[in-house]
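In the two complexes below, subunit A is the common chain; its partner is subunit B in one and subunit C in the other.
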Partner chain A sequence: MRLVLALASLRRNRARTILAVLGVAIAAAMLLDMVMLSTGMRESFRALLLSRGFQMRLTPRGTLPFDTEASIAGATDVTQKLRARPEIDLVSPVLGASVHVLRGDSSITAFALGVDPSSQGDYRLAAGHDATAPNTIIANEDFLRAAGARVGDTLRVAAGFDPQLRTHSGERALVVSGRARFLYLAAGQLAVAIPLRTLQQMTAREDRVSLFMVRLRDPSRIDDVRKWMRIALPTIDVISTADAMARVDERLGYFRQLSAILGAVSLVVGFLLVTTLVTVSVNERVGEIVVMRAIGVSRAHVVQQIVLEGTALSITGAVLGTGLGLVTARYLNTILSSFPGLPAAIDFFLFQPRAAWTAIGLLTACGVLAGLYPAWRAASLPLAGTLREEAVA
Partner chain B sequence: MVALLLALQLRTITIDQRLAADAHVRLGDTVVVSASPSTGGDSLIVAAIIGRRADPSEIARSDYRVHLHLDQLQRLIGYGDRVDRFAIATHGDSTADAAVHSINDAAFGFRAYRSRDIAVETSETFAVVSRFHRAIGVITIVASAVFLLCILLLKVDERRRDVAALRLLGISRRSVMLTVVLEAAFVSVIGSGVGVVIGWVTSIAVNWHYQARYQTPLRFALVTGDIVLFAVSLSLVLGIVAGALAARRLVRTHPLVLLGR
Partner chain C sequence: MTTLVRARDVRRDYPLEREAVHALRGVSLEIEKGEYLAIVGPSGCGKSSLLNLLGAIDAPTSGTVEIEGRNVGTLGDREVTNFRLRHIGFVFQRFYLLPILTARENVELPMAEAGVSAAERRQRSTELLRYVDLGERARHRPAQLSGGEQQRVAIARALANRPSLLLADEPTGELDAKTGQEIISLFGRLNADGTTVVVVTHDESLARAARRIVHMRDGEIVREEVPGG
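Showing the complex of A and B:
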């Protein structure tokens, strides 16, 4: 009964109700987007880091993975030390370098990863087979397109270029054995993977690597392993998933703050809109409400009916806003995904059911709160005086 | 001071403010600089502490910056007589293109670029952020427009009894409509004026917060004349449209109906 009356009241002023629902829907869409932005980016990055189960990254002291050309010496020795630890399940040494694929007088520059195919966690093979032989190379789709190459083709690949002499060094003929999707590289980045030993020889960085990725048998032992590493490997920095997340938070903290501010603004706008609408609606129906009270309708009934009006507006707007929010989030995600250097797999706006429920829940709570004040005012009207005023008016 | 240090064969280094604060280093202190943590390095005197420039590309970069004498850095990192780039100043903008062509045609193994071309390349991050801000701005404008339209419709709708009274007194529909539209326009302008002040105060708070957070003199939020003009104009147009729509409906309804009779 109360719900029927509340809906009838909203239907009475259709244009006004539609506008209010539209306003709440836009506020809800913005709120959903901001909740998705604040949590999605983090979750997406965490999922990416853990996608192959490696919980630790070991880099040259004071550097981030591939941030500089610094490398770790004595890679074989370090690998053996790491593999000897019972807590460590898998060790993947990686060397990063730029390589030039020679095509007549011109060349294509690509980012190369020197990997051990049996333990690598940098790419997923999409076609062909892994680069297990020393003269093989794995490439991504962008690279194959740029080079006009296919799986099975042989490429002339050089590791260095002297701009003064215009000569290449470390040249090799490598056979494209497979096509892969590289997990941590930016969209559109030309990338290849070469057996570690081959790339070390090509770049004259014998027994050096840029990074080790380490997978633990029991992730809860991470602190123990880290303590041991600090003592046993003093020239190496240990970056856990939590450390990487903290650095991402630091670098992209701006977006989290922006999402908090805009989310709060959306909530306030939704709240104000519903409050204003319900207040005006109640002011217009003062006579009607007083008559209802005079014929014996309880205060609680009046309060519930008015609160229901605000709640109905908020829920309808929030549900519409969820759909709208998903569309705008997709659009905003395409803008932010073009950040240079950002892994293609990162989503700034990651949809999680929890985010949608949070947005709808917050706006519904706002709708209930927004209806409370006008409801309380309407239920507290003095009956005799208001009836007289309405009659005179 | 520096001349004295040079005379004493002590080389100098400049470090950035953040490094000085984090490492508790002061002017005149001696620091040891090496190419890698495991090797010994050179002892250098801190000759200057430099602040960050208002450069967007330095935002969110947490790495420290130091400046060394070129020959010393070359020796420290085993770079030989090599440099990564040369910066060249030309006599005015018009000569820059000629200089670029001349170097590219003549110099073997070099490639010259105009500073502004490099700026376009390196500012891609900010172009993305800017596109994102613009998209958020459009959504905000749509939300504000709907909000404003709704509020003004309600405001005008509240005047139904006054409008009925004016109509019953014999005031023409045109005059009543004009009055209501003027009132809506007035409310819009006053509201947008208050909004501009709030925006201006917010921009001060935003700049204060982010300048402190990123330790940069860069200004993050600017309230320009164009922005103020756009906000006030949009608000005014919406006010007039909302006022006209609501007033049109009111003046077309019989005054007694407006009074609920």
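Showing the complex of A and C:
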């Protein structure tokens, strides 16, 4: 009966209820987007790091992956040492370099990864076959489009360019064996993958790599492995997924603060909206409420009915707002994801059911709180005095 | 006869900024079960204040009001609300039906509050609406009913939990003479069927329908009479 009464009260002034629900929906959409923003990029980055199961990245001491030209010497020896450890399941050595695809007098510059195709974790093959032969190359869609090339074509690829002599060095003829999607590279970035040995020869960086990616058989052994690495490989920094996430967290602190502030603002707006509507609605029917109390409806039941009105408003608005929030998040995500230098696979707004439940839960709690004060005030009105005032009015 | 209501030396003051208004100045009154009592007097004489005390929606400043042997002034909010729900029926001048509910739902509201099952609520509301000659208007909302019909729905609502005492404050005040007569007849029928009725009224014909009339002035009972006696 109380729910029937609450819903009937909301239906009594439909236009006002619809407007309030829309207001709550907008607040809910903003809240959901902020909750998604505060966790989305972090979770998206974590998913990206773990997408191929590598829990550790080994870089030259004092560097981050590919942030300098620094490289690790004695790559073969390091690889053997790593592969000899029983805790380690897979080792993927990677060399990063710029390459130039020569087309007559002009050239196209792309980022090249020298990889061991049997253990690589940098790309997913979309067409053709992997670059297992020394004279093959894998490219992404953007590169193929820019070079006007297709799988099967042969390209002249150089690793170095002397601007004074205007000559290229480390030139090779490589056959495009496949097309791939590179996981960690930015959207629109021209990228290729070349067998590690071939790229080392082209760049004259014999037996050097920029990075090792390491996958453990048992991720819980990460601390033991890291301890061993620090002793056995003193010139190398070990970055675990947790380390990387900690650095991401540091850099994303700004986003989280922003989203927390904007999320709090949306909550307050939703709270004020519901409080205002419930207060106005209660003030309009003081007479009815007092008569309900006079005929024996308990104070608790009057409070429950009014709180239900606020809650119903909030839940309806929150559910609508969830849909609206998802639409706006998708739109905002396309804008923010085009930010230069970010991996294409990174999402700013990652939908997680928990985020939606958090937004709906927070707004529902706000709806309950928003209804409590006007409800208690109405249920506590002095009956005789209010009836007299109502009769006079 | 058994005494249903006993008010002893009841005073009710309403504190204002400078001085208190003494709405009731030591009223004592007994109402027997099955009685039909009218309280009359000029505006501001304390009729409604007395009715509010008899209905346990207000507490006396001093004195006691006992209904069915219970001193309602000493009950807490929860207890007194429950007492009103189960023992007292109210009819107001301005009907005060909930406009968002149908006539049937309005009648069922006190029953739902008292925990009566849905099936029993439906059966009893049908009976009550028939009793007040509104069996065909159960699905109508108050806005679709005339003033007299609304007041009859309000009377059916007041009878929902089979109260021992029915209190009515100017029940014909908002009605035309003909419709007022219908309500007066209904109160007569209710009383004849065993309900104790107390009405506060300015309406001479309504007062004359009662078996006892209490005259008030300046917060005191000044005279009692038995119509036709």
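Here, the second predicted complex is superposed on the first by the 393 of 393 C-alpha atoms of A that agree within 3 Å, B and C clash if a C-alpha of one lies under 4 Å from a C-alpha of the other, contacts with A are read in each partner's own complex, and residues count from 1 in each chain.
One rule holds for everything that comes next: a contact is a pair of C-beta atoms (placed from the backbone, for glycine too) under 8 Å apart; a residue touches a chain by one contact, two chains touch by 3 or more.
Nothing here was measured: the structure is a model prediction, and the numbers come from that model.
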### Query
Where does A:250 make contact in the superposed view: on subunit B (first), on subunit C (second), on both, or on neither?
first
### Message
Contact-wise, after the overlay, does A:19 reach subunit B, subunit C, both or neither (first, second, both, neither)?
### Response
first
### Message
Just to be sure I read the superposition right, which of the two partners does A:296 touch: subunit B = first, subunit C = second, or both, or neither?
### Response
second
### Query
Is A:146 in contact with subunit B, with subunit C, with both, or with neither (first, second, both, neither)?
neither
### Query
Is it subunit B or subunit C that touches the larger share of residues in subunit A?
B
#### Entry: subunit B/subunit C common contact set on subunit A
none
### Query
For subunit A, which residues are in contact with subunit B within the complex?
13, 15-16, 19-20, 22-23, 26-27, 29-30, 60-62, 70, 162-166, 234-235, 247, 250-254, 258, 262, 266, 269, 272-273, 276-277, 280, 283-284, 328, 331-332, 335-336, 338-340, 393
#### Entry: Residue numbers on subunit A that touch subunit C, as the complex places them
1, 4-5, 8-9, 11-12, 287-288, 291-299, 301, 382-385, 387-388, 390-391
## Note on the structure
Interface with subunit A, subunit B side, in the complex: residues 36-38, 60, 62, 108-111, 124-125, 128, 131-132, 135-136, 139-140, 142-143, 146-147, 149-151, 153-154, 157-158, 161, 210, 213
### Interface residues, subunit C side, partner subunit A - complex
14, 48-49, 52, 55, 57-58, 77-78, 81-82, 84-86, 88-90, 92-94, 96, 98-101, 105, 108-110, 112-114, 157-158, 161
